[in-house]
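In the two complexes below, subunit A is the common chain; its partner is subunit B in one and subunit C in the other.
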Partner chain A sequence: MSTVTKHVVVAGGGVAGMEAAGALAELGHRVTLIEKEQKPGGHLKQWHALFPDRRPADDVRKYLSRRIDNRNIKLFTGISVEKVRKQGHDLHIELSDGSALTADAAIIATGFDLFDARRKEEYGYGIYDNVITSAGLEDMFNAGRITTADGRTPSRIGLVHCVGSRDEKVDNNHCSKVCCVTAVKQAIEVRQKLPSCEVFCFYMDMRMYGPYYEELYRESQEVHNVNYIRGKVSEASVNINNRLVVKVEDTLAGRPLRMELDMLVLMVGMEMSQAGTRLAEASALGRGINRFLETGDHHYGNNLGHVKGLFYAGTCTAPMNITDTISHARAAVTETVRYLTTR
Partner chain B sequence: MSSDLFVIPFNIGLYFILVYSVVRSTIWFRQLSRSDKLRLQRGFFGMPFMQSLKEIFMESLLHRKIFMRNPVLGYMHMSLAFGWFLLIVFGTIEADFFGEKHLNPPSHAIFFRYFNPDHGAAGLPKVFGFWMDLLLAFILSGLLLAMIKRFIPGLMGMKKTTKHTWTDRIALLSLWMIFPARLLAESLTSGAHGSGSFLTGNLGAQLASFLPVAELAPWFWWLYSLSLGTFFILLPVSRYFHIPVELLLIFMRNSGIRTGDKPSSLTEVQTHACSSCGVCISICQMSYAAGINDIQSAYFVKGLRNGKDIAAITANCLMCGRCEEVCPVGIELGPMRMIERRQGEREFKPMRFIDGYGLNGKKAPVEKDPTQSYGYLVRNEPVKADVIFFAGCMTHLTPSVIIAMKKIMDSAGVRYHFMDENGGVCCGRPLMLAGRDREARELINYNSDIIWRSGAGILVTSCPICYKIFNESYYLDTRVMHHSEFINHLIEEGSLRLGYLHRKVVYHDPCELGRGSGIYDEPREVISYVADLQPATQEGSMSLCCGGSLGNLTLSSGKRALIAADAAKILTSSAPDELITACPLCKKTLGQATETKVADIAELVAAALPGPKGRARVRTKKTLVRVHDNG
Partner chain C sequence: MNGSAGNKFGFTVNRSRLIDYDASDRLVRDYVTLREPSFRLCFACGGCTATCTAGQHAPFNLRRMNTFIRRGEIEPLREEVTRCMLCGKCLLVCPRGVNTRNVVSLAAEAIKKLDRNEL
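Showing the complex of A and B:
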């Protein structure tokens, strides 16, 4: 273990950044954690419960808060990292307030942005009141009230998978990985909170890749009576009663389907964050065709960039769930420490 | 006269090209449809003939259009074409006046200096000699530019230059040799005889000071004749065939012959009339915005001419029509590409060199897969209405446009039937753009039936793609209006009361509405009635494609995004509050490419409708006109 204290800057105070900062501080390094929002926590702040076990998101939030509660960590909020540049052996890091830091190493953990559902205008987000996103549904869970815009309790809700993911039309060919299981989780939650409300999931494939996901999917059907319709929603409109009407092709039944709904939830995918894009462009960091940061090696170097001393953690490299994000952040810390002790 | 043998290559070439031109023109004429034959015959004895002569002078000789687009490129083409033309005219007159006898064979005019080495010492012959030298210098200056263009296109303001086949290269080499060979041949002969004007005379005197000019001269006369002969023989299989064919094209066009939707003599003539000038390459958004540099019209036409497999090129085009707008030869590039798409999948057979002369009949088109059908479409009972609103598939993907149109029509008290409210059948245009006319016709018939039986007087559509096919390929006795026209009509008849939005907006002409259907003014009238319309840097007939075009069958979304980003950047360069368009596809595509709000013209107008409290200041069109009149 290194006995010399080094200074590491972590860009981004979401799940990956908090875990990385905590792990580095634990090892005795001086860490500056920089978060663009007023509070750390990233997207997790907005989430009510987590898949696959539907535990409260608060559990993980508390864990991460404890993780960064370390005197070796200096947290700056409301500031973002704008540029990273090699300066001799050190890294010169420019911040949005015009100041600059010098660090021995840095970890980029700028995370993801949720796909802006307005870009799929055909689904009517921002046009029809009762079209919301998966994040919006979490807000309702947090508020403890699932209602339509005019305050009614919905009797039928549709969940649209792959909004902004696996969609060539919006130049996103990648799968965001977590939306399928998020939909299953949210469908169950709706069924539990509103037992009289029917829930329909419109999917292309069910990608239940993680441990206990497939079991959750099974439970949603067997225990909670969630309906799954294989087919992409082509468009949404409203009828004269101000109810939503969606057009879907049921590809299993092989026929077009029109359905009236009270609420449509768009399972928005993950995209490279705008803050991360700015940082990558200013620092000339390579990016893949999915626009996320390109890593040095897909198999054994996916925390490495092309700048020595600069490491990547979490969803700035690809969509991933919280479990994988935390593992990825720890791996980034291992790479960072190896760099700091051997250079 | 054994020393005159050098004229043989020239004579062979000249008589070959003359006979060939007559034969090929005859074949082309015989392949024309009956009505086109009549058009051509009538054209020959009427005004079109005079128009054609004028156009040939302005375009084929002076190259006015290229000149206006790029003066240096224009000068290059003009010096070679007009210069050579004048050289032939002056040379013929000179030979006629001062030669041994009148009506000399052409070789006597072309090689005049060889046959009259002492000519031009004084008087009128001296004046002629001066002019002939001046013309030669004029041509040589153009040739120098042509060489610069080939090797350093950037200096000529060209981004790209066309690539050559080997026959093109030999033809190019022989063309480039002609005038330097003539210069040297004339100079050497003048040097040996102490004759010649400012160019050949001076150069000849210089050369004579250190070279055995009299012995060298015949070699260069041979080179001159060989260059000419080679050039003429390769002419029909090289890009330079455009020189004579363009004359024929101008004449056919002025006689009223159009490309239509099937291969014909005109498509062949257009194929050969392309000079590969490359103007279409520089203007193409696929080239400068998306970095795709092998599908432009010049390459499409060249592939067609050289019998290459161009299926991929044919499909990979936005069909935006910008190249057709700037083509100096006026080739109908859009219809030409559509004809190729209609041919569908066919067996590809590489062309032999000899096939290039095009005297061996035509390829038989291959029948496409006839199994597809839309027989399963259910026929709905039509609703009677005065106005039918057909949103179109694309508009269904932009529900805000539909909402806006409903508000506008309700506000104006229009009694309308929303034909595809619960889903409709495609207008057929995307199929047609893919070359699937027969299938498109099935959809056209389906929709026509509903429209006819509704008895509507006006068919309003929000989609320029639908608009174009409704206008061009449907047989309706209904007035077809794009919603921008319809809104303008509602404002003019006073049934739509609108406020004024204090917003700075820029209007983007959709390809299918502007260049495709000639609707430029109505949208602008509507917009300037409700908002502050600012000019765009590229608008009207030179407006950009948004990149979303349904016309391109293979372009990746990544490349489309590059085109959209470039177009959006240019359109929003004046930092407007909103970018307005009149096409759901443009709205969707540009909306994803810029931070500026992109809205359809209907949304802008709907925003100007008086609110529930009627706060917006409402005017009628008359007051607006008066305000404008008063300055």
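Showing the complex of A and C:
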């Protein structure tokens, strides 16, 4: 089969977009990769180490950088895709700078936004200095220093699971999937970096769905002595000693529990990104009750929307980890190539 | 049933049911964990409690007992810990390989030592 070069636009230069662009370019197609930030890499740019093996996030960043280092790829940064519409056999793609592109096909890889923890006001993010998010803890890992706002080494840290996930009060009934194992990973990292600091995970369920996640959970108890309390934290406050106090039901004891902490880490979930939402609304793309892009079929069509020639990759369709995002992006490329060669 | 008027109207003071983590210590937990490190592995599935013969006839719940030990709530355990017959059936079902029988023995031992100020 002879290869005819086609032009594909990839919207979003995070993990999914970079992998999709790289795979398409490798097959000889001309790719325009469009990233709204100044640099590609998405949320991975902020992460220090990855679950379940705690390898440096840099490893995957480097892999993806190599992936898009291809003369078939044109990368534009600081620009976003605002609208996609069908124009004959082609797609007409409007960008935020007012310009437009014509493409044979396009892949949407606009990813996710982290839940804004201020919306769970009862946890005190943005109100109390020592309430941070899981992303904020990664910043501390990157800086090589885990301290309270006034520079002290914490002696007790609590991690709250399901912040902005599985919570009707913020209109997110979905599970973000990766926060549980992120909490286990971060709990272990804190225990390794600060051996005298006690760590408590407040969870509703431990959803260790991926390979080696359950093993990591076990290791966190067996080797690192991480404590787990089953119950959803109802609120955080500050006492007269300027220490955080959390209220939770210890559901395994069947009794309410209160505890003082030096730092509270909120495991923020994934939501449909604002950029993706704009694009979906302008282009009349269907979305699910979880507000992520609705795919053609949950089982065998989860890279497809209803617009022919437009494909979906990664967390714009649902929360997923890096491994699944890369697989999903490769699958989107397969669908795209099939479309381009058979239409 | 025929208590004071106060009783009738419910004006009695109950002990707080709150687990105040900072008002208690973890001496019993540390005693048990040091001698039986597998205690750390319990993830509260309740398999031990489901198979427990003693628990079918008396208030004895090993799964909940493990939680109380971890939180430092010793008072509810004093009676409970004596009800185990040490048959060891719980050992056979534990999916995390906790030496459950030894946990009960050590907890009973630790509580005795606690009362003698030996912990």
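A few points about this structure:
Methods note: the second predicted complex is superposed on the first by the 341 of 343 C-alpha atoms of A that agree within 3 Å, B and C clash if a C-alpha of one lies under 4 Å from a C-alpha of the other, contacts with A are read in each partner's own complex, and residues count from 1 in each chain.
As a convention for this text, a residue touches a chain if its C-beta (ideal position, glycine included) is under 8 Å from a C-beta of that chain, and two chains touch if they have at least 3 such contacts.
Note that the structure is predicted; figures quoted are calculated from it, not measured.
In the superposition on chain A, A:Arg291 makes contact with neither subunit B nor subunit C. Judged by the touch definition given at the top, the superposed model places A:Lys74 against neither subunit B nor subunit C.
Legend: residue contacts after superposition of the two complexes on their common chain; A:Gln221 is shown touching subunit C, with no touch to subunit B. Within the superposed three-chain model, A:Arg278 lies out of touch with both subunit B and subunit C [touch as defined at top]. By the touch criterion defined above, A:Asp250 reaches subunit C but does not reach subunit B. When the two complexes are overlaid on their common chain A, residue A:Arg330 makes contact with neither subunit B nor subunit C. By the touch criterion defined above, A:His92 reaches neither subunit B nor subunit C. Judged by the touch definition given at the top, the superposed model places A:Val170 against subunit B, while subunit C stays out of reach. Common to the subunit B and subunit C interfaces on subunit A are residues 256, 258. The part of subunit A that touches subunit B in the complex is made up of residues 119, 121-122, 124, 127-128, 168-171, 235-237, 247, 256, 258, 289. Of all the residues in subunit A, the ones that touch subunit C in their complex are 206, 217-218, 221-222, 225, 227-228, 230, 250, 252-260. In the complex of the two chains, the subunit B residues touching subunit A come out as 396-400, 402-403, 422-423, 557-558, 561, 588, 591-592.
Residues of subunit C touching subunit A in their complex: 17-22, 37, 40-41, 43-44, 63-64, 67-68, 70-71, 73, 96.
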